[in-house]
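Chain lettering (A, B, C and D) follows the sequence in which the chains are written, and residue indices restart at 1 in each chain.
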Amino acid sequence: MGLDQQHWSEECGVVGLAGINGAGELAALALHALQHRGQESAGVSVSDGHTVHTHREMGLVADIFTEPVVKSLGGNFSLGHVRYSTTGSSLVENAQPLQVTCHRGAIALAHNGNLVNAHTLKREMETDGSIFTTSSDTEVFVHLVARSKADSFEDAIAEAVQRVEGAYSLAALTRDKLIAVRDPNGFRPMCIGRFQDSYIVASESCAFDIIGATYLRDIAPGEMVVLDGDGLTSRQVMQPAKPSQCVFEHIYFSRPDSTVFGQSVDAIRRKCGAILGRESHVDADFVCAVPDSSNTAALGYAQATGLPFELALIRNHYVGRTFISPAQKVRDMSVRIKFNTVQNIMQGKRVVLIDDSVVRGTTMRKLVKVIKAAGAKEVHLRIASPPVTHPCYYGIDTPVRNELIASSHTVEEICTYLRADSLQYLSLDGLMEATGEREKYCAACFDGNYPVPFELDISQEIVESSNEILGVGSPDGP
Amino acid sequence: MGLDQQHWSEECGVVGLAGINGAGELAALALHALQHRGQESAGVSVSDGHTVHTHREMGLVADIFTEPVVKSLGGNFSLGHVRYSTTGSSLVENAQPLQVTCHRGAIALAHNGNLVNAHTLKREMETDGSIFTTSSDTEVFVHLVARSKADSFEDAIAEAVQRVEGAYSLAALTRDKLIAVRDPNGFRPMCIGRFQDSYIVASESCAFDIIGATYLRDIAPGEMVVLDGDGLTSRQVMQPAKPSQCVFEHIYFSRPDSTVFGQSVDAIRRKCGAILGRESHVDADFVCAVPDSSNTAALGYAQATGLPFELALIRNHYVGRTFISPAQKVRDMSVRIKFNTVQNIMQGKRVVLIDDSVVRGTTMRKLVKVIKAAGAKEVHLRIASPPVTHPCYYGIDTPVRNELIASSHTVEEICTYLRADSLQYLSLDGLMEATGEREKYCAACFDGNYPVPFELDISQEIVESSNEILGVGSPDGP
Amino acid sequence: MGLDQQHWSEECGVVGLAGINGAGELAALALHALQHRGQESAGVSVSDGHTVHTHREMGLVADIFTEPVVKSLGGNFSLGHVRYSTTGSSLVENAQPLQVTCHRGAIALAHNGNLVNAHTLKREMETDGSIFTTSSDTEVFVHLVARSKADSFEDAIAEAVQRVEGAYSLAALTRDKLIAVRDPNGFRPMCIGRFQDSYIVASESCAFDIIGATYLRDIAPGEMVVLDGDGLTSRQVMQPAKPSQCVFEHIYFSRPDSTVFGQSVDAIRRKCGAILGRESHVDADFVCAVPDSSNTAALGYAQATGLPFELALIRNHYVGRTFISPAQKVRDMSVRIKFNTVQNIMQGKRVVLIDDSVVRGTTMRKLVKVIKAAGAKEVHLRIASPPVTHPCYYGIDTPVRNELIASSHTVEEICTYLRADSLQYLSLDGLMEATGEREKYCAACFDGNYPVPFELDISQEIVESSNEILGVGSPDGP
Amino acid sequence: MGLDQQHWSEECGVVGLAGINGAGELAALALHALQHRGQESAGVSVSDGHTVHTHREMGLVADIFTEPVVKSLGGNFSLGHVRYSTTGSSLVENAQPLQVTCHRGAIALAHNGNLVNAHTLKREMETDGSIFTTSSDTEVFVHLVARSKADSFEDAIAEAVQRVEGAYSLAALTRDKLIAVRDPNGFRPMCIGRFQDSYIVASESCAFDIIGATYLRDIAPGEMVVLDGDGLTSRQVMQPAKPSQCVFEHIYFSRPDSTVFGQSVDAIRRKCGAILGRESHVDADFVCAVPDSSNTAALGYAQATGLPFELALIRNHYVGRTFISPAQKVRDMSVRIKFNTVQNIMQGKRVVLIDDSVVRGTTMRKLVKVIKAAGAKEVHLRIASPPVTHPCYYGIDTPVRNELIASSHTVEEICTYLRADSLQYLSLDGLMEATGEREKYCAACFDGNYPVPFELDISQEIVESSNEILGVGSPDGP
């Protein structure tokens, strides 16, 4: 997954503050800690109790929130958002927060997740005369809030959530309130922290740490919390449904220093590595990770197996949207530009290489080649999660891409394709053992048990093309 | 040092190719691997055998060498450069390569290092009627080349190097040649690689790996190599002087996956950690590094002492020139934005924290505070290099900054200032043992034994102010 | 008015083409001819018969529609827009065309004018659940179109226009049609031209000339024309109301080379000048204009009076948003940077200075000073339109600005304030005589007879502050 | 010439101030008045008496000198420059002022003109060891100043001017002085003004008017003036040579509101028009100009002949580097985008069209077509200067372009090519009569009498290609 980050990445990060001076700047700072959840665009909405204003742009938080922009933010209430990076139709119109005015006044809204009935709702509201200026499902939610006859924004949001289905952890900023709510299944994380005399909500607790706030608890599935500057009030606006926490948050998305779904991400990754070590013994000289997302699992694997932990691959953190011409691409530069092997360590060694997950396999194929070229005698690939066989419809960007190698090939076939000496995945049982709360997680990408039904037209795209995957990689191919 | 990166960073990276199609793009790709040596500006000069052209800008390689720029490069000969990042007077005029025309035609020149007699030479040449358009010592060298009456650029460069003193690994691009030379002391690294039928030179071997070239050997002190597209010719243009390889390349500057001064950086850092472990025993629960530059030393320390190696600090790689207002700075956000502690790991534990070096100590002071706030019972600071007591005049950006805490304080005083439970540095003997070639290195920053005398006016600035350092940090200060 | 351009300028320009290759580029070219109608933002929407796409940005047409942008436009149908320049809340969200999707598909809409009941409609639709993302009345119109249950976009627009009141000449681009409609009073101009085998609509005929199209006729008040690529169909969708063509289009807004409201702008301005000459005789040496907008009237004045026409003021066309510090402003640089006197011509002369209109008078006050400083013995100010006493609510940017000097001062007082030797305005009768069609024009800004009632809250702002105007200009004031 | 502005435009503008607060901002303001002399780049150097700093960029003055830049200028001494616009190799390195350091300290230099022996001097100094970083002859002059052994910058400049030949009006800014000098022939203008208690120098007096300074006198050929903040001192550093004022300054380059070479540009243009009217009688209905540069001559022509003066062509001032695709170019859009005819005025009329000059004729050919298409019965072209038959080597950008239609064709042939009904140029005698000082002007472009010999290699380029010109324009060609 470290290898396929760009192809499995429709994630977002949200943060909100209320009743604190400098709320806008604090939100911008907190977004730095959430930057791993989305590098395409970032935005911060602020309110001084009277007027709501939004600044959002394409790009990274540090490039957008420069000194003059930060100084102009001000505000006692704020809402921040980072959005995932995809290649194609990236438009600033789709950046969040989305600010509009409706009969109750101004509201800015940001969310993480995916509404599975957005298309139907959009068609329905269009038929009823609504217009849409973006292609994001956030706008669908905003329309529902605006259409509610309820007296307050809180009640309107409480009404709107009855209509939407799917995964959403959303936060809204009004003139004088910050409102946050999580879907009844609790797919996406959102937690509450304490900052001085005020409260903060965020997708991950690492956003609290960066400003010195402390983690209190998760927002519960179906719960709405309202921060009005004086304090926090909570309402259970929906009946909790089958708990469906996204296990991929623990596997890959979240930062290891975060508490997510009430648990330390580091601790779970470590257990995944340890259980993987137990399940997939191999005689080898050392363990190394595909940095950085697999470091913790690799450390757990090493500690469990007694094999030495090595830093044998170096990741280049300066690599962004580097242009590489077709002529250079055949020389594996797309992987070489991101990873390099440390001299001599691989030479003649039997290496256990840990990655957190494998989606398409194309980049891993090149990486194995690079490691062998560095002298490794054997490369034993160990994946700290089960084979990804099904697309996600709850906020992850796989559905539109027919690139799940495990959806149509056996582990053995994949191993051959990747040119590894052995390949083993963590079992689903092992993964759930690591979480310690099997019944609380969605693992649809591994087992196809989708907790919430989705619109059919979304799910079609991947079917026919999945068999083409291995054909892409000819023996000397990219 | 991971903590003080911005204050000890007048480093640069150079790469040159000759006789290969797409030389410009290959240089740009190789600069990605050298980006850690300089983030202020980057440039690539190319020649198609007839015309020399240079593209240089302020910023990161990936931001400058976008698709249209890369496509416009072309060339069979190329010279690339990345320059360090400082805050103040960053001007594109000082970016490299510096291209000029003289009586022999066009030449582009780039170098890594510092000419200690640049000021004298500049004054001398000004008196003789020369003009200067930059404040970089590269221009001094270019003037010497232009003034030479020698027949060829090679001979002119060979003449020019007789006049300059100090540290320089430089490369020059002419219409049809790439010429590289290292100073007689060999302060700064530069090595030769093989790429298909052609040659490449670079500051570090990781620039070879990224394009699939292979390391051949270092350019020797006083050696000039000329790549003319057909092959490589070598001339010893200066008598080698006392070997003075910069030991800080091994400690901090170079990437661990590079071969520098003929040795694996990873291997030496690992030994530094191991010897530090041997020299500075402490009862503790685990070892962790200030990521990323201290990772290898920490691993070596852990392996030598048998203490567990932990990933307990997470570095945020998206942080650049983030603006933080004074009000937020008092909350330690400048360190929190870069580093976070992993939940629970520190709790109640005795932590050995490894950093590669300490320069000013101000950021480390905050980091210790953050780690204690995360619950660590004890923080034992172990530095994988000796106390930095003297400024460097050979290409590192300390001289103008009076910020060497160890220049005026004992280890005990520093420990108190940093609020650590114990502090120990690697001994100079231990460091030299790690290199295995004590006689080949310059360690002036640790022992004040400067191998090449320098102009007095440069060395003055730091004297009076060094006693002010501790005053800056009051008990609750930033 | 040449002097007060920035304070009387909520004008826009619209152009649309259908059924022609390169429609996007042609619209961009035509916008160059309409640039005088709006310099804040520009946009072009195109359709290839299937997909609608919009490119809009803040800035000038030539800066936005660069080679790569123009090349990317393509299309067989296009809609272009330029928007006026104001200082404050200029946001790209308010730029036009505004593209949205609704139940009928995508539509892009652009208009020139002002809906006087936009606020009421907006509040009504918000109450009914609509959201608004801009502060422009274009969005109100788009909502009405989306809410219509009519079968086609044409019918929906025909329905929507029944609801809106005020001034609008609008054009809409759908997948395969270009639809244009003018309000029943016909406040703002819009005309139809022939271009090869296809049609074009535009705010002024100079947009036809630039691409070689020929003027056919105006769109009639209340008429809708639909260009579907095969030809033009016309529907009278509203009963024509009292004709209310904006006479200021002839006085100032339009280009003299345009046909507007079926008449040559040049011819009417010339007549205004001539009648002004007849009405306001003065012994003088020559006539000169405040260039460029008053040139034609000045020429008419000269021809009618027999006084020589002189080019005595030079306008600097390179001046844009030039920054002038307060210290320099006291030296009249804001007027000097735009206008300079030709040496010697003024010396000892009695000058008739023609301007098209006077709004605030502050800049004219400085200009008279500059002309006197150039040696003029007498400055006789002649204004080729009546005193502006009432704000406009039909698409001009006066309402929010309490700066109509003639609303609260006599001609004599104004003359004193302007430091002119005499001041005379064209009479309203004279103006109407120049148009030759008195009954077809709105002259509310001169006589307060507003043909369409407007919402009260808009009209309040100007009341209290109008008496402060003269106070602003102390004898040595700016 | 209005038509060919982009092809005859190697002009520059210079301004310098000394001993006045806000000197930097004043220079930036003054550059607005000189913008017509160069639109490619602009720069301002300032000194506060101690440090010299330069800000220069590609683009227009108003785009470069924005509020933050202007605020950062400060200074008591300043030097400003605008540079001509060409298409090809525009590089910021060639922008002026050029600031360097030499043995006397910092100096910034800017000039208007062309050194005809720059190439020889450059080669000579390169042989002697100098390096060049630009392709501008300013750098040659800077080298000469730096090489001088003289005690002061004044003396060094006085020495340097003995070596250079050609046309130059240059100004230099040092730490505490502004030094200006004009070549001994006085090709290019430069004059002195009084501003409060201090002095100002500029290429044209309109730069004085904009800030409220007053014209004193021209700098004499061979004179150097030194402004040191206390006053002005003058030295005759060179023996005046044959007076060779560029007559094209009066014909086209300068603004009509300027005093240039001690005379009103307006007055001379007016006389040119009047004499042209006397020389080239034709029965016609009215006179109109190619705006704006020919307006004054056209007015003079009308007054002399008694024909009515008409405003029949409108120039679009918003047109910059507009992109027009090849497909649209065939429709004459390159001329239509700049000029439009006023409706009806041309219809059935015999038009006398005045242009200041004709260089290539290609654009005029299109304009005549457009005017005929607007209904003109006859177009009688009258050019207010003689046929341009020879390239200029004294600062105008013709030499490298073989585009002088009159160099190889008779007036009759040109008339046929331009599709005009008649064509007549002002005679050289008539032009000189207008100046009133025949012996003071260079008219080499008309008569080939070059007052200063030039290097041969420059003069070659144009020879062979001049016969191709008419071939370019086929009957229906562009």
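By definition in this document, a residue touches a chain if its C-beta (ideal position, glycine included) is under 8 Å from a C-beta of that chain, and two chains touch if they have at least 3 such contacts.
Note that the structure is a prediction, hence the values are computed from the model and not measured.
Undergrad: Find out how few touching-chain steps suffice to connect chain A with chain C.
TA: Shortest path length, in steps: 1.
Undergrad: Could you tell me which chain lies farthest from chain A when each chain's centre is the average position of its Cα atoms?
TA: The chain farthest from chain A, judged by C-alpha centres, is D.
Undergrad: Using CA atom averages as chain centres, what separation in Å is found between chain B and chain D?
TA: The computed centroid separation for chain B versus chain D comes out at 50 Å.
Undergrad: Rounded to a whole Å, what is the gap between the Cα centroids of chain A and chain D?
TA: 61
Undergrad: Using CA atom averages as chain centres, what separation in Å is found between chain A and chain B?
TA: Computed from C-alpha means, the inter-chain centre distance equals 35 Å.
Undergrad: If you look at chain A, which of its residues touch at least two other chains?
TA: Touching at least two other chains: none.
Undergrad: Taking all chains into account, which pairs touch?
TA: Those chain pairs which touch are A-B, A-C, B-D, C-D.
Undergrad: State the interface residues of chain D toward chain C in the complex, per the touch definition above.
TA: Residue list for chain D touching chain C: 22, 25-26, 29, 32-33, 35-36, 39, 60-63, 65-67, 70-71, 205-206, 209-212, 255-259, 264, 266-267, 292, 295-296, 299, 303, 308-311, 314, 316-325, 327-328, 331-333, 336-337, 340-345.
Undergrad: Residues of chain A touching chain C in their complex?
TA: Chain A reaches chain C through residues 98-103, 123, 126-127, 129-133, 142-143, 146-148.
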